[in-house]
Each structure stands twice: as C-alpha cells, then as structure tokens.
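Each structure below appears as structure tokens.
Presented sequentially are two complexes of subunit A, the first with subunit B as partner and the second with subunit C.
Coming up: the complex of A and B.
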C-alpha cells in the first residue's frame, strides 16, 4: 500500500505535474555515501529537479525522460481506447507489473491522473478521485494558473502530500 | 433557489408577463409571515409557493385558455423578489464563489501595473460589498425586531465585536478567530482569520508573494465600518504560521475623527 508517484497529463499529452513520493527502501544494500545522498534528497522539497539519483521509492529520472514517458502513455492510452471492441472505450486503466502498478484515471475533460503504486494498492481508484478533487480545488480555482501549463501551486502540493500520507493507512 | 433555468424559460416565453404579476402577491405574503413568525423552513416555503402558484393557475384556467397557457411558466424568482429576511437556503456555494473570485482576480490582474494597484482594485470591490452588507444587515435587524426599537452599534468596541462575530458569521459562516488591539497605537485593531474561506484555494506564485487576495475582505470590513460612520483604512496581511499557512490579519487603522469622538463620548 505505497504510493510511489503521481503524474498529471493534460489533454494534449503534456506532463503538467510529476512527483515521486518516498516509498519502501530498495532491497539492494547501499553504500554509506548513497544513503547520505538519499537522506539529503528526502530533506529537500524539490523532488523534480533534473538530477538522476535514487529516491526512496522509484528511480528519479530527468524532467525530459518524464515528459517522453507521459507522451508515450498518452499515445498508448489513445491506442487502447481505439482498438477496444466496444464503442467509447475508456482506454487502459491499470498497467500491472511484478513490482508496481500504474492506475490511470481520465476525466471527462481529457486530463489523465496516473498513480504509480505498489501492487497491493487496493484503493488506487479512490486515491485518484481525491487527486482529481485536489486538482479541481487547488489548481482550477487558482487565478494564477494557466490552463494546460505545468502546475506550480503550493496548495496543490500540500493537498497531494496529505492524500499520499493518508492513502497508505 | 436561484432557479436559473426556470427564469430563463419564463424569459423566452412571450406571455411571461402574467406570471410576473403573480409574484408580488406570493412574496409579500411570505414576507409578512417572516416578520411575525420565525424563518419558515425551506420546504414549507416551497409548498406555500407551489400552492399559491397552483391556485393562480386555476384562476387563469377559469378565465380562459390563453391565460392558462401563460401560467404554466414557473414563477420568476429574481433577487429582488425573494424575501429579504430569509437567509436559510440562500447561501452561495463555496465552489461557485471560488471560481468567481478566481476570475475576478485574473481579470483585475490583467488591468493593473503593480501588486498595490491589484490590492486596491480588490479592496474597492470589497468596499462595495461591505456597504451593501451592512445596509442589509441593519434592515434585517430592524425587521426581525418588528420595526420597534431598531438598534445600531455606535461605540467603537461593540462595532468591532459586531464585525468580528455577526458580519464575519454572515459572510464566511463563522466568526473571526481573533480581535486584538495593536501594540503600536490606540487607533489600530486587528481581525485574525486562521483559514480565510474566500481565498482558501489560491496559491500565490513566487513573483506575487507580497500580494494578499484577502484585500477583498479588508475592503469589505472598510465598507461595513464606513456604513457605521467609522472611517478607517483597512489592509490585509498574510501572517503565516506553521499550522495555518493562509493565516490573515485584517489591520484596521481608525481615522482621527473616530478617536476624537470616542474620547468625547467617554466611558
């Protein structure tokens, strides 16, 4: 029941929000220096800097890599909704691997919320619903936000942290 | 309560004038009940409206087919048709307010040069609201007291307490979290809100960190004070604490006229 990360993808396939959240420790033993680096990283609030290092949960990649992956996911989502044997398919909703799963929730307005979590995450849908709620409150009701642009609202970050903290219990 | 669709339907109907005439009778009757008794429950009000509407429809049917067709349009309920004393069920949704205020801030922002100008614009809007709010509140107070012995605060401290509790509760659903006298001077008072509801969803970008969108509330308080003959300069300041990142202090700097009058009135 761990949330590793959350993405928000706008209707054009651009990544407008990406955060990694500290989860379980990697099983591989780590050197002292790396542990030190990790603890420093978890102290600093900026997890989306384009630095390649290891966070507690999943690997921290560069901003460009995240953009490419979000664009790819957007394409995959479009393909899955088109090849479905029924009309108006919602597209892919869960991608599951051995070590993690990705839950995708697309709103009526075409915004995709992606939750990357451990495989035993049973309440992923409801967590995404809460993320959507936080987005509607802290982003859409904020006069300083421009539609389709990256989200920099401190209020949204605070709401996200609360949601992620509450989701594990 | 607002009935946007119903009023729209009535507007589109060419024969809406007859239904318009039926409304003053309904509102005046509900107004008089509002005066003598306590505020009627929304359902009772609704059924009353419904029944009188039905009776007018029956009358129209008896008079003739043409008028009967016109009575099918639902009654218009514009803001002036509603009873002035009924507050329950007339609240504005927080979501609607948040979107409206967001649009107001974004609109104002594109028309100003500086943060100070933007705060001035928001404060002037708040002042307009405050002047209307105090007028409405005084009227309501007088009417609930059956127009006998209408009371209005005239001393400074009761006025400030009235704003702290009554006005804040009317505007924001709860009283302010604190009313303090400033240590800097006798003419300065502070109203504190830990989580101001009007601007709860607004996150300031880094280049506008000096801005306080609660300038609207400051203007509102200034308007209310102005309506009570207490000229003052009111400003809003964000004073965050760890627990309340949006904690806002409304600083009231009273005019010298007020201080002189208070001194003249004595204890």
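Coming up: the complex of A and C.
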C-alpha cells in the first residue's frame, strides 16, 4: 500500500503536475518499469540523461522524460477508448506490472489523474477521487490559476502530501 | 416527478446539507449587487455590463464544474433532459440552494428536429429554467431605464408581455441583473463538451411574471486533441 507518485495530465496531454513520493524501493526493481521506460526513451531522441534512482522510491527521471511519458500515456488512453467495443468507453484504467501499477482516472472534463503505486494498492480509485477533490479546491478555485497550465500551488502540494500519507493506512 | 428526478433531488439535498460550506445569504446578495452596480458605473452601458457578467460567469463555470464533479462523482448524462435535471436539482441546489423548475419548449417538435441527429442525441435540445426565487436579486429593484425600453413601457402600462408570441424584442436592451448565471451554465457545460447558448428571456426584476433562462444545445464538441509538440 505505497504511493510512489502522482501525475496530473491536462486534456491536451500535457503534464501539469508530477510528484514522486518516497516509498520502499521495489525488491525486483526495473522489471516492468524499465521496459516501459526504455520503450518510452527510445521515442525521445534528445533524452540522454541516465536513469537515476532515488534510494527510497521509484526511478527519478528528468522533467522532459516525464513530459514525454505523459504524452505517450495520453495517446495510449486515446487508443484504448477508441478500440473499445462500446461507444464512449472510459479507456484504460489500470496498467499493472510485477512491481507496481498505474491507476488512471479521467474526469468528465478530460483531465487524467494517474496514481503510481505498489500492486497491493486496493484503494487507488478512492485516493484518486480525493486527489480530484483537492485539485478542485486548491487549484481550480484559485482565481490566479490559468486552465491547462502547470500546477505550482503550495496548497495543493500540502493536500497531496496529506492524502498520500493517509492512503497507506 | 420521475424516478430519476427524485434521485437527483435526493443527491442535491444531501450535498447541500452535508457537504456544502455556507455563507451568509445577505453578504452574498450584497456582494453581487455591489459588483453589478459598480460595473454599471464603470461601463455606463447595460449591454456591456450584461456581456461582462456573462463572461465572469463563464470563468466561474469552467472552474466550478470541477468542484461539482469531484464532489458528486456523477456519471455522464445520457441526454440533454438529464442534463437539465442535474443542473436544476443538483447544480443550483448545491451552490445556491434553489431548484429552478424545468420545462421543455415544444418538446414534440424537438424530437424530430434534424439537429438531434447532428448532435447524436435523443430527446430535447433545449430547456427553460424557471426561477421561483433568486438569491442574487434578493434586494434588487431595477431603475426604469435598466428594464429595456419595451419593458419599461409595459411596466408603466401594467401590461403582461408574452415571450412565446414574440411580443417583445428588447432582449439586448436593458440590464439582465443575474446574467452571471447564464455564463456559469455555458462555462460549465462547455467543459463537458456541450456547447450551449444560455440567455435570460424574462426576469421578474423587469416586470415579467417569471424569471426564465433559456438553454439551448448548439453542438456536442468532439474532443479535439491538439498535436503534442513533443
């Protein structure tokens, strides 16, 4: 029950918020994660920095790499909702690997909240719902926040920290 | 009242009772009144004030919708009739504790209208929200010149005007005091890929019998995905 990170992707596929949260380093690191990373890395020729790993959590990548991955995830999401057998499908919701999983929650307004967590995270959906509430309160209600732009709100960070801290219990 | 309408009514009431932070109604009403009056002083033109109020409402709506969705977790509506129910019984209820009455103008002809096919929707594509009470205008009484020429004339003669029969044309004249609400509706629905036109058709403040907002669906916007420049 560990949250490794949270991403917020706007409706155009731009990454507007990304944080890593300290968690336990997976015992079999880089099994699924690295496959995903390398495939994404090969897409971006101008990302040459080596993958550095922070000691107590998931791999720490450069800001540019996160942007590329968010864009890729956005595309994958679009594909999954298009190939679905029913109209207006929600698209991909969970991507799971041996060591971690990503839970994706897309709101009706098209914003995607992505939770990267350990595989035993059973309350991922409710955590994402809380993240959405925090976003509505601490980001959207700020009159100086411009829609679609990166989130730099200390209030949102504080609420995110509280949500992540409470999520593992 | 249909089963669905009852269900939304219950959701709205529950949210209002348990999950909404309240402010003093008079403070709310005074603040809005002061804002409108200051805008009239600054712009010296009712038409411009209407436009600005609508824009302000639009900006509120685009933000408010996230709060609404985060707290209600309601799924997407299947048709515009359901949208109307949600706006009235959940939206207006949770934010300003009123439940405007919904009516569908010429509902039968609407169902065969070609626009429905274009929008890919069944059922009505327009509705009217009738406000029995309006917390924004609790204490407001419009001066005669703000009522629009035809309204002002009718008010003097104590004549009742009928919107359906096109007796009045002065839509763009005078002040629509609560025009911010139209903007909120347009802004919030636009974030849900519905492009609508929301306009006041009558207002008790202007001597009408009721206060009505007409909401008309223009089109459902396909999600356009701009090319990512990465």
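Just so we're on the same page, the second predicted complex is superposed on the first by the 139 of 169 C-alpha atoms of A that agree within 3 Å, B and C clash if a C-alpha of one lies under 4 Å from a C-alpha of the other, contacts with A are read in each partner's own complex, and residues count from 1 in each chain.
FYI, a residue touches a chain if its C-beta (ideal position, glycine included) is under 8 Å from a C-beta of that chain, and two chains touch if they have at least 3 such contacts.
Since the structure is predicted, the reported quantities are computational estimates derived from the model, not experimental observations.
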- Query: Of the two partner chains, subunit B (first) and subunit C (second), which one does A:12 touch, if any: first, second, both, or neither?
  - Reply: second
- Message: After the superposition on A, what does A:89 contact: first (subunit B), second (subunit C), both or neither?
- Response: neither
- Task: Would you sort A:109 into first (subunit B), second (subunit C), both or neither based on which partner it touches?
- Result: second
- Task: Considering only the touch criterion stated at the top, classify A:144 as touching first (subunit B), second (subunit C), both, or neither.
- Result: first
- Query: Which partner does A:154 reach: the first (subunit B), the second (subunit C), both, or neither?
  - Reply: first
- Taking the superposition as given, does A:62 touch the first partner, subunit B, the second, subunit C, both, or neither? neither
- Query: So, does A:135 touch the first partner subunit B, the second partner subunit C, both, or neither?
  - Reply: second
- Query: Which partner does A:126 contact after superposing on A: first (subunit B), second (subunit C), both, neither?
  - Reply: neither
- Query: Which partner, subunit B or subunit C, touches the larger number of subunit A residues?
  - Reply: C
- subunit A positions within both the subunit B interface and the subunit C interface are 137, 140-141
- Note on the structure: So, in the complex, the side of subunit A touching subunit C is made of residues 11-14, 44, 67-68, 71, 74-75, 78, 88, 107-111, 129, 132-133, 135-137, 140-141, 147
- Message: Please output the residues of subunit B touching subunit A within their complex, sorted ascending.
- Response: 95, 98-99, 101-106, 109, 201-205, 208, 213, 245
- Query: Inside the complex, what are the residues of subunit C that reach subunit A?
  - Reply: 62-63, 65-67, 69-71, 73, 75-76, 191-192, 223, 225-226, 228, 230
- Task: Provide the residue numbers of subunit A that touch subunit B in the complex, in ascending order.
- Result: 137-138, 140-144, 152-156, 158
